[in-house]
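Each in structure tokens, the structures are laid out below.
Each of the next two complexes has chain A plus one other chain: chain B in the first, chain C in the second.
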Partner chain A sequence: MLHYLLTLAIFFAFFAVEAWGLNLQFGLTGILDFTYITFVAIGAYFAGVAAMTPSTNGGMGGSYIFGWQLPFPLSPVIGGIAAAMLGVVVGIIGLRRLRSDYLAIVTVSVGQIVWMVIGNATPLFNGWDGIVGVPQPYNSVMNLSTNNYEWPFLGISVIVAAIIFWLVRSLTESPYGRILRAIREDENVAAALGKNVFRYRMSAFVIGAFIAGISGALQIEYIGAWNPSGWTTLETFIVWAAMLVGGRGNNRGMLLGAFLVPVLFTEATRWITIPAHPLLMEAIRGMAIGLLMVLAVRFRPQGVIPERKRVFPLTTIPGLKEDVANGHTAQG
Partner chain B sequence: MAIPLRDNMLVVKDLRKSFGGVKAVDGVSFDVPRGTITGLIGPNGAGKSTVVNSLSGFHGVDGGSVMFDGTDITNWPSHKVAQRGLIRTFQLARELRSLTVFENMLLASNDQPGQTSWQALFLRKKIRDSERDLLGKAVDLLKRFNLFHVRDEYAGNLSGGQKKLLDLARALMADPRLMLLDEPMAGVNPTLAGQLQEHIRDLKDEKGITFLLIEHNLRIVESLCNHVVVMAEGTILAEGNMSALRENENVVRAYLGG
Partner chain C sequence: MTLSLIWMGIGFGLITASVLALGAVGLTLQFGVTNFVNFAYGEFLTIGAYLAFVFNKGLNMNIWLSMLIAGVLTAVVAYLFNVWVIQPFIKRKSQMIILLVVTIGMDLFLMNFVQAIFGPEFKQYQDPAGSILHIGPFLFTLQQIIIILIAAAAMVSLHVLLKYTKLGKAMRALSDNAELALISGIPTMRVTNYAWLLSGFLGGLAGVVLAINVNNFTPALGSEFLFVIFAAVIMGGIGRPYGAMLGALVIGLAMEVSATFMDSAYKTVVAFGILVIMLLFRPQGILPSRGRV
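Moving on to the complex of A and B:
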């Protein structure tokens, strides 16, 4: 039972990080990224092969590139950078045009292409079979059993999640974040006020992709394996559901969304099986998430924890203290 | 004919812009002298807003040139034009709905630290200080424009007239040198429109801001502008002061009616 709860806690960190990245892209900036999971996957693959021992080509681990045996903080950084670089490519293709439906189509297409290429080009990441045997961070020195290793890995996940939370929070609550929200509302107004809309959308998109890659890196270094059946449209759909249910634009809402959708609805129900119909539970799960999303959009379009209203206390404003003290401007 | 040498903030030469087959702007040339409020009037569909959109980089032009304070800004992207100090407002108010009035105002600054991702992460104290200064500036403007009491309201919840006022106040936060105002008083109640008129005059006198003002209320144009450009069907019909234009037969026929 403890083992099970620890696993759920670790998954919670993975999905919270995922949701923060998508929230930066869509929740804050309004960028429709329908292939978010591709960035997670690229991060996972590159972190995996950066951490693994060199491929013996056709041996036990299959064939793959790199094999640099990099230690923990470096391998996820490689994963994050790889995902960010794919973000730059997709952004150059899709973000030049201002219409958001155009980018949405580009993301779907790129996702399909990347998926097919990785599946078919076996020398890259061992094709459809995927890569296995990714070492767990520092476990070669700690030598813990799978069960005992969960504590240190939870620690690692929480630290990474805390760093990412600091990152997205700092970005959101800054003039930079305000410009992203302005672009989401009306890019023409932002441009008329001197904001380079393409550059901002590009940077939010790429940072979001980087965060996705970091989450993927954490996932592969915990699970130890990764293959194309693990990142399909359904996985993108689950992050989107988490973001919309939690409350787009709100980083705390992402925590709630990540807990409700991927953890509670997806991972926590893994033990429920219907032996006579092994695929039925999977289908029910998909429908339940779909229903949750429809209900959220219908009854709480802003999500369970909506975007926070920024209020500026008058006492912080220079030259206003006297007015406030005399009560002249206190109402409104 | 001797043309007196003037210092022009804006020089527009032979500007052309078509949409499909419609020649919305068809060879328009005019100047906006520095430190003046120049009027741009004409019937609906004359091409006034298209001129503003062309000058401010909101769409490319098919021909002609735009000089802003000595720099050729023809076909520059809109954000670069704005960063130079040429700020436009929109004919239909475009508020940023889910930003508060204060946030709309703070957005307009272009030299505030924290507008790039790196600064957002590492210049926390500088951002806080600059934010405080900007708030002070925003308070002054909001008081001028009767918006102070709704400062923490979402801009999407303002009335139509309030949105127009916010558009103008926000543009001023950007410290413009030249403002293109596309019907700033449309939908604003007469008393407030009168006050706005005074504000615009004050901004010209105190801050030396130059204006190009599109306005259908000719009494306002007459009182604010000593140089008025009349457009009709994509071309310039006449230029001069309002009383001269009232005598101009072409202008009377096309716009003033009679």
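Moving on to the complex of A and C:
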């Protein structure tokens, strides 16, 4: 039982990091990334092959690129950078158009293409079989069994999650975050104030992709294996549902969302099985996630913990207080 | 590389283009009238394919009759989708990005709904492919010729509808300028409902002919084909039916002819490549812009 709870706690950290990245893209900036899991997967693959021993090409471990045997803090960084680079490519194709549906179309298409290419191009990441035997961070020196290794890995996950939380919080509370929110509310107004909307949206999208990659890197170094059946469309929308339920735009809400949707709902319902139809539960779970997204934006669009409404008191602007006192109203 | 292989590729290309034309026009018509992309559209194809499966396999009906019934029922599904799911958000004047989130959430819901009922296994219609016919340099089965004829008939009827009927003119007006259409006395709500009906009907037909064409299908049929439809729609200029027809022809031919040169697993990469090039260099589509529908 303790083993199971520890696993849940580790997964909670993975999902929280994923939710923060998506929240930066959609919650803060209003970018529709309908293939978020692809960035997680790219991060996982690249971190994995950066940490593994070189491929024997066609031997037991299959064939894959890299094999650099990089130690822990470096391999996730490789994963994050790879995901960020994919983010740059997707952004160049889709973010220059002002209409948000174009980027959404590009993300849907990129997700399918990347999935298909990674599955078919075996030399990259061993195709549909995927890569196995990714070393767990520092376990070659600690030599712990799978059960005992969970404590140190939980420590690693919490540290990484804390760093990411500090990062997204700093971005959200900074002038940079304020501009992202302005772009989300009305990009024309932001552009009229001289903000380069493309550059800001691009940077938020890429940082979000980087965070997704970091989460993927953590996941592969914990699970030790990764293949295309592990990152399907459903995985993207589990994170979406978590973000919408938690309260988009609110980094603390992401913690709650990551707990409620992926951990409590998805992981806990793995206990429920329908013997006659083993895959029926999977379909029901997918229906529930889709419905949850629609119902969340229908009945509680601000989420369980709404984004804090930013109020800038007029008194902080010199000279305005007197105007208000004299009966003038500040517009906008 | 022999010439006959290229002719074969062009033959397959014409069939894929026919499937794609039905799907692309259905998506672009609804976009033109409502001005947002329906990411659940792939599921209209899937629902159409599985409804036809029920009539064809379950009730032993002819595949083409099953297709027609499935198309009509999918039209009803699309109509209800608009009334029950989309309209509440339109009434609350939700932002467009919220509408897109709603359609992709419904995509996930509908796909898994089909999977919950029919299971994830491969399904197949019962229908003889028919004898092989030589037409010029092409080799077609009777089934494939019927698919091409259906698509051609649908495109001609659509042209007549848009050009010569009151409903078609109203759709074009609404697509050009919704507010102007409203104050000119066009019943925009009713026209929007018709656009959804038509979108569902064409999507349903596209799903059935796609399922016939690929032979075996799963609940992922529509969502996997959706981005190829996007490529055709964007190529022709999003919201323009005639552009979508042209886009379908180009993408269909490009995919199948390229498959004779390289691994056919990568033919969707060709569609994706065209989509990327269009978005980078000519996002408004290949047809000159003159109103959207």
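The rule is simple: the second predicted complex is superposed on the first by the 308 of 332 C-alpha atoms of A that agree within 3 Å, B and C clash if a C-alpha of one lies under 4 Å from a C-alpha of the other, contacts with A are read in each partner's own complex, and residues count from 1 in each chain.
Everything below uses one rule, namely that a residue touches a chain if its C-beta (ideal position, glycine included) is under 8 Å from a C-beta of that chain, and two chains touch if they have at least 3 such contacts.
The model shown is predicted, which means the values in this text are computed figures rather than measured ones.
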- Where does A:Leu193 make contact in the superposed view: on chain B (first), on chain C (second), on both, or on neither? first
- Message: Contact-wise, after the overlay, does A:Arg181 reach chain B, chain C, both or neither (first, second, both, neither)?
- Response: first
- Identify the partner contact of A:Lys309: answer first if only chain B is touched, second if only chain C is, both if each is, neither if none is. first
- Message: Quick one: is A:Leu74 in contact with chain B, with chain C, with both, or with neither? Answer first, second, both or neither.
- Response: neither
- Message: With both complexes superposed on chain A, which partner does A:Asp101 reach: first (chain B), second (chain C), both or neither?
- Response: second
- Message: Which partner chains sit in contact with A:Ser203 here, chain B, chain C, both or neither? Use first/second/both/neither.
- Response: first
- Message: I'd like to know which partner A:Val297 touches here: chain B for first, chain C for second, both or neither.
- Response: second
- Task: Touching chain B in one complex and chain C in the other: list those residues of chain A.
- Result: none
- Message: Quick check: in the complex, which residue numbers of chain B touch chain A?
- Response: 56-58, 77-79, 82-83, 87-90, 94-100, 102-103, 106-110, 112-117, 119-121, 124, 127, 131-133, 135-136, 139, 148-152, 154, 170-171, 174
- Query: Which residues, counting only chain C, touch chain A once they are in their complex?
  - Reply: 36-37, 39, 85, 88-89, 94, 96-98, 100-102, 104-113, 115-116, 119-120, 223-224, 226-227, 230-231, 234, 263, 265-266, 268-269, 272, 275-276, 279-280, 283
- Complex interface listing, chain A residues touching chain C: 26, 30, 32, 34, 92-94, 97, 100-102, 104-106, 108-110, 112-113, 116-117, 120, 233-234, 237, 240, 244, 277, 279-280, 282-287, 289-294, 297-298, 301
- Which residues of chain A touch chain B in their complex? 167, 170-171, 174-179, 181-182, 185-186, 188-197, 203, 207, 307, 309-312, 316-320, 329, 331-332
